[in-house]
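All chains are identified by letter, namely A, B and C, in their written order; residue positions are counted from 1 within each chain.
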Amino acid sequence: MARNSSHATGLRVQLPLLCFVFQAAIVILFSFFVRYNHETDSSLWHQSNHSDMENDFYFRYPSFQDVHTMIFIGFGFLMTFLQRYGFSSIGFNFLLSAFSLQWSTLVQGFFHSFHGGKIYIGVESMINADFCTGAVLISFGAVLGKTSPVQLLLMSLLEVTLFGVNEFILLSLLGVKDAGGSMTIHTFGAYFGLVLSRVLYRSHLDKSKHREGSVYHSDLFAMIGTIFLWIFWPSFNSAPTNTGDGQHRTALNTYYSLGASTLSTFALSALLSREGKLDMVHIQNAALAGGVVVGTSGEMMITPFGALMAGFLAGTISTLGYKFLTPILESKFKVQDTCGVHNLHGMPGVLGALLGALVAGLATHQTYGDGLKSVFPLIAEGHRSATSQAVYQLFGLFVTLVLASLGGGIGGLLLRLPCLSSPPDSQCYEDQIYWEVPLEHEDEVQGHLRSEDTETQA
Amino acid sequence: MARNSSHATGLRVQLPLLCFVFQAAIVILFSFFVRYNHETDSSLWHQSNHSDMENDFYFRYPSFQDVHTMIFIGFGFLMTFLQRYGFSSIGFNFLLSAFSLQWSTLVQGFFHSFHGGKIYIGVESMINADFCTGAVLISFGAVLGKTSPVQLLLMSLLEVTLFGVNEFILLSLLGVKDAGGSMTIHTFGAYFGLVLSRVLYRSHLDKSKHREGSVYHSDLFAMIGTIFLWIFWPSFNSAPTNTGDGQHRTALNTYYSLGASTLSTFALSALLSREGKLDMVHIQNAALAGGVVVGTSGEMMITPFGALMAGFLAGTISTLGYKFLTPILESKFKVQDTCGVHNLHGMPGVLGALLGALVAGLATHQTYGDGLKSVFPLIAEGHRSATSQAVYQLFGLFVTLVLASLGGGIGGLLLRLPCLSSPPDSQCYEDQIYWEVPLEHEDEVQGHLRSEDTETQA
Amino acid sequence: MARNSSHATGLRVQLPLLCFVFQAAIVILFSFFVRYNHETDSSLWHQSNHSDMENDFYFRYPSFQDVHTMIFIGFGFLMTFLQRYGFSSIGFNFLLSAFSLQWSTLVQGFFHSFHGGKIYIGVESMINADFCTGAVLISFGAVLGKTSPVQLLLMSLLEVTLFGVNEFILLSLLGVKDAGGSMTIHTFGAYFGLVLSRVLYRSHLDKSKHREGSVYHSDLFAMIGTIFLWIFWPSFNSAPTNTGDGQHRTALNTYYSLGASTLSTFALSALLSREGKLDMVHIQNAALAGGVVVGTSGEMMITPFGALMAGFLAGTISTLGYKFLTPILESKFKVQDTCGVHNLHGMPGVLGALLGALVAGLATHQTYGDGLKSVFPLIAEGHRSATSQAVYQLFGLFVTLVLASLGGGIGGLLLRLPCLSSPPDSQCYEDQIYWEVPLEHEDEVQGHLRSEDTETQA
């Protein structure tokens, strides 16, 4: 059985091969193309006479570290809620992120900082690489427990590439504003993952139903992820915005938006429960929707009041989604969304894009003063009216939805290649096929299986 | 039973109602009163010609994020030590904090940054809002497991308001120095919670005694909270102090004070144990007393030696409190203090206030140089002698104790309103009446109950 | 039995005594020697007219906080993988660190910032104190579960002192560069601990074999440590480097080195497994080798390509070490290395030192420009050729290995003093002899013991 499983999982040959090939390719590409930028290169930095404190490091590195914590601790532990998939959740999150941040450095570099045949990197490219990784992890959440690490690495290869294309179209070609990534990260990652999950639909997933839930302590581990995502989201949205009032305002807006989404999530979770009990799934996820929804508009003059309204609305929609939409998605649309990314990233992301278009459309020189140059350069320079900026924002959302869906579809077909083994329906959400699991747990598992078999018979 | 419990908990109607009403009120008040300040408003910031790095964001945001981590991860996980109350500990900590930081923005805004009918906010108001939330969470620790979320939200509403009043009297009217909040946060939060707990005294709490302890892994979850509180406390005490040497010195003093309190805690925990074993309760809590005790004096020239002495003393007193005082508080004074906040925040807070008065009384222009203007402006400007500053500090402690006790008393009477259901004596420290708890745990619980019933019979 | 164990552990008398004596000595020494430096002293800072933002606090404190998190959360939780040693892992990590950071402030102060009979401290001394603590915790990892807290405190006293001597010889006398401590921290800590473990060799440790493994949730707790170490390692290596491009470049190099070591670790873990399953031990440890290996060269112009190569190699060597070397170390060389520090810190540390020598040897004025003054002052000032700098680097590694081995040997003999009780072979990796452990766990333990006894008989 051991041998079979090792065959089935592709861990003995395909995973090592893929890791080695990917890493080798990245090393070679780095050697040809990637160089230190003028703020990380010893000689370049010392040519011009800055004071050291002007180095971008001091403006962005603390925010980067918060983002980095969200990617590896936040997303990683949020997905450990599954009772027997903790090793895979935190472990594959670790693997995919370590690969994606390297690969996206190249992809984003080619699109955004390619000068004279070289890619120049610094803390901003680190932030962008982590952001792109975030989109991959959102898609991972949709197919969590139903895909092998080999499949996931291939998904990352494709998604990082398309993320770069989409981001380039929006930010560079369309002049769309989306600092916190309501569109480029959340909407893109969610719909890429959902379409992918649709293509990989499993009609007999109920064979693993007994493993899809949480246990008491796995829910507490998941809360580590939730809270770190929640507290650092203001840093996430503000990490790439303009320095000075830009970063400051974005963090402030996100802080209040999250506060409001948390209250609406608790309210609806209790209100919608048959027994009048709170549901950990809602608290772990929907409370975060306030961060997603101000991803685009957080740097704009949305006002503290607007941030609260946005957060409140996002928490409400997200909780309703978990309660009513997720079951329908599976039964009617054959989309099996393990973490409910449609509720946390999909709908709040789209809402955030629409909100961003609205706030952009209301932009006036009076409200922004000379800061208009930083937030809406094209409007400030008279190339665009606020209204047309709003239209471009909406078009950006459209492009994102199209590219994400196409990408997810292609990705799904790719992952269905016969050579790529994926876990059998009866072994989904199960660490033991990929990990050496300590004995005690296996025992426990046997216990569970027995008790659950009897239940299912009853 | 399910229906009853939902009736009993007030989760189906009262909690959603309260969340919606509170959030709606906050949204409306924000729309009328809350505005971006000159460092978060695009137009205001760009009127004056600062360099971006002068924006307060770069002086305070990293410290704010550490404080934010302490509030949501630190306090939240510290309280997960209870074997069956982890969901409620981390969940209600989340809810109360999300509400309190919004409400305190308004309350503190009216008292501290109300100009021309508007409240202007930025990173400093975010730090102050988190600080006020800290006081609420300290009180929460005193009544942990014995109050419903509805009761706790009402408690927060009252406590945040009184916190603002007390803070205004101390800092603005009395010119008291208390950057790290030994008085305004720790003393206030502790005695507010202790008096509240006294009013809510349960004579039959022993019916839940079997649930008041920890289990092996719940103690490890609690250590996540302890360590994050411990490592970030230097940021907590220094977050609101004067920039430059002020923040730097405060962080340094707190760092060494915590080191000393940790050693004295380990020493006493082992020394006082009958079997010569360390007690997790002491390590999880008393080791933090070093942060509380330099809350007032941390920004002053207490000297590294003084910081060590203060921390050593605080750890000692706190551990002794857990060992000898807590049992007496319950048996003699009918104060049931779940987390022992009297030992971690009460006594060390008062000690910190006295220490602050002492160090203030010793302030000389020679010691502080031109920095005296920043630390003790009233002394520097000759409005006050060092001695009278010391007297004001002591008076500030007195005011804090009075207001906290009054507030806790009123709060207790409020929370005893018949319409506010609180958990029955037999259902305290139990997640299942508020949360959908995964099956496996209920089983476990049944197991526990049985084994414990037999015990209690024995 | 309880009384015996308390005798055996030395917790009732020796531990309290040691804590009190150590803390008292530190307090006295601080009162005589330790003073605020010009950036933490109110009067000194305000004498010169800096702008506040020039205070070193704003250049280094955020990095310090990341380092602080690595020391107390990272190392602490990484060691909680043991099924019944979680309290001791996180608790003793806490105690040793709280003592070491105070003691190293004095030791390093005497060697590095002793002017006019006083030690002047600020954020840099805090970073250095945490760094020295890191070395102690690495040694702790080698003897984890087999030593009493009393033994560990004495080990720390000795190791911190020798760390200071070694660091002084390398950085001050030899002019060696080692910002991230591949030599001073990782190599020193690892070989100190390994030799110590050799001297404390237990031929009957198999009596505790059944406790040396992990359980499902203890592996998840350990991942908290792993991930926090991984995400903050760029801050660790860059915390003490030159401001501006130095810190920025170091963080960047470490970021990519870690990415590569993670991929090679996953690849090899799967490749080397008999059943084609990933091993948590590899993921928890070897993935971090990328941070260790660029500890010396991270601040140099290693290029992003070089950082990737280094990381890839380090992850490979480290995983191979866990798979093949650790068993041999125990069977052939009688070195029992609980956490495999030889694989994570020893070999990657030596490799990092060699890499540092290589990169130093290749240093040219052309590559570094005027930055050569900051990275290699002795070369820039013409006191040394790049080649001789490389030789000095190699000599620094040699000195480190000698001092670490000598220190570990002396330490081992010291810890074998009859008066110092250490846990019996049958009680290693067991919390219950040092901690009040909640009932539920003891039961579990009994269960284990029974089942395992039967096993061992079979």
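FYI, contacts are C-beta pairs under 8 Å (C-beta built on N, C-alpha and C of every residue); 3 or more make two chains touch, one makes a residue touch a chain.
Chains and their UniProt names: A, B, C = Ammonium transporter Rh type B.
As the structure is a computational prediction, the values presented were derived from the model and not from experiment.
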Next item on the list: Mind checking chain A against chain B and telling me if their interface is mostly the same residue numbers on each side, over half, or mostly different?
Entry: different
Next item on the list: Give me the rotation angle that lays the C-alpha atoms of chain A onto its copy chain C, rounded to the nearest 5 degrees.
Entry: 120
Note to self: Based only on mean CA positions, could you tell me how far chain A sits from chain B in angstrom?
What the structure shows: 33
Margin query: Could you pull out the residues of chain C that touch at least 2 other chains?
Written below: 53, 58, 62, 217, 224
Next item on the list: Write out the stretch or stretches of chain C touching chain B in their complex.
Entry: 2-3, 5-7, 9, 11-12, 15-16, 19-20, 22-23, 26-27, 30-31, 34-36, 39-47, 50, 52-53, 55-58, 61-62, 65, 68-69, 72-73, 76-77, 80, 86-87, 90-91, 94-95, 98-99, 101-102, 105, 121-123, 126, 149, 217, 221, 224, 433-441, 444
Checklist line | chain C residues touching chain A - in the complex, by the definition given at the top | finding: 53-54, 58-59, 62-63, 66, 83, 213-217, 219-220, 223-224, 227-228, 230-232, 235, 243-249, 251-252, 255-256, 258-260, 262-264, 266-268, 270-271, 273-280, 283, 287, 301, 303-305, 308-309, 312, 366-372, 374-375
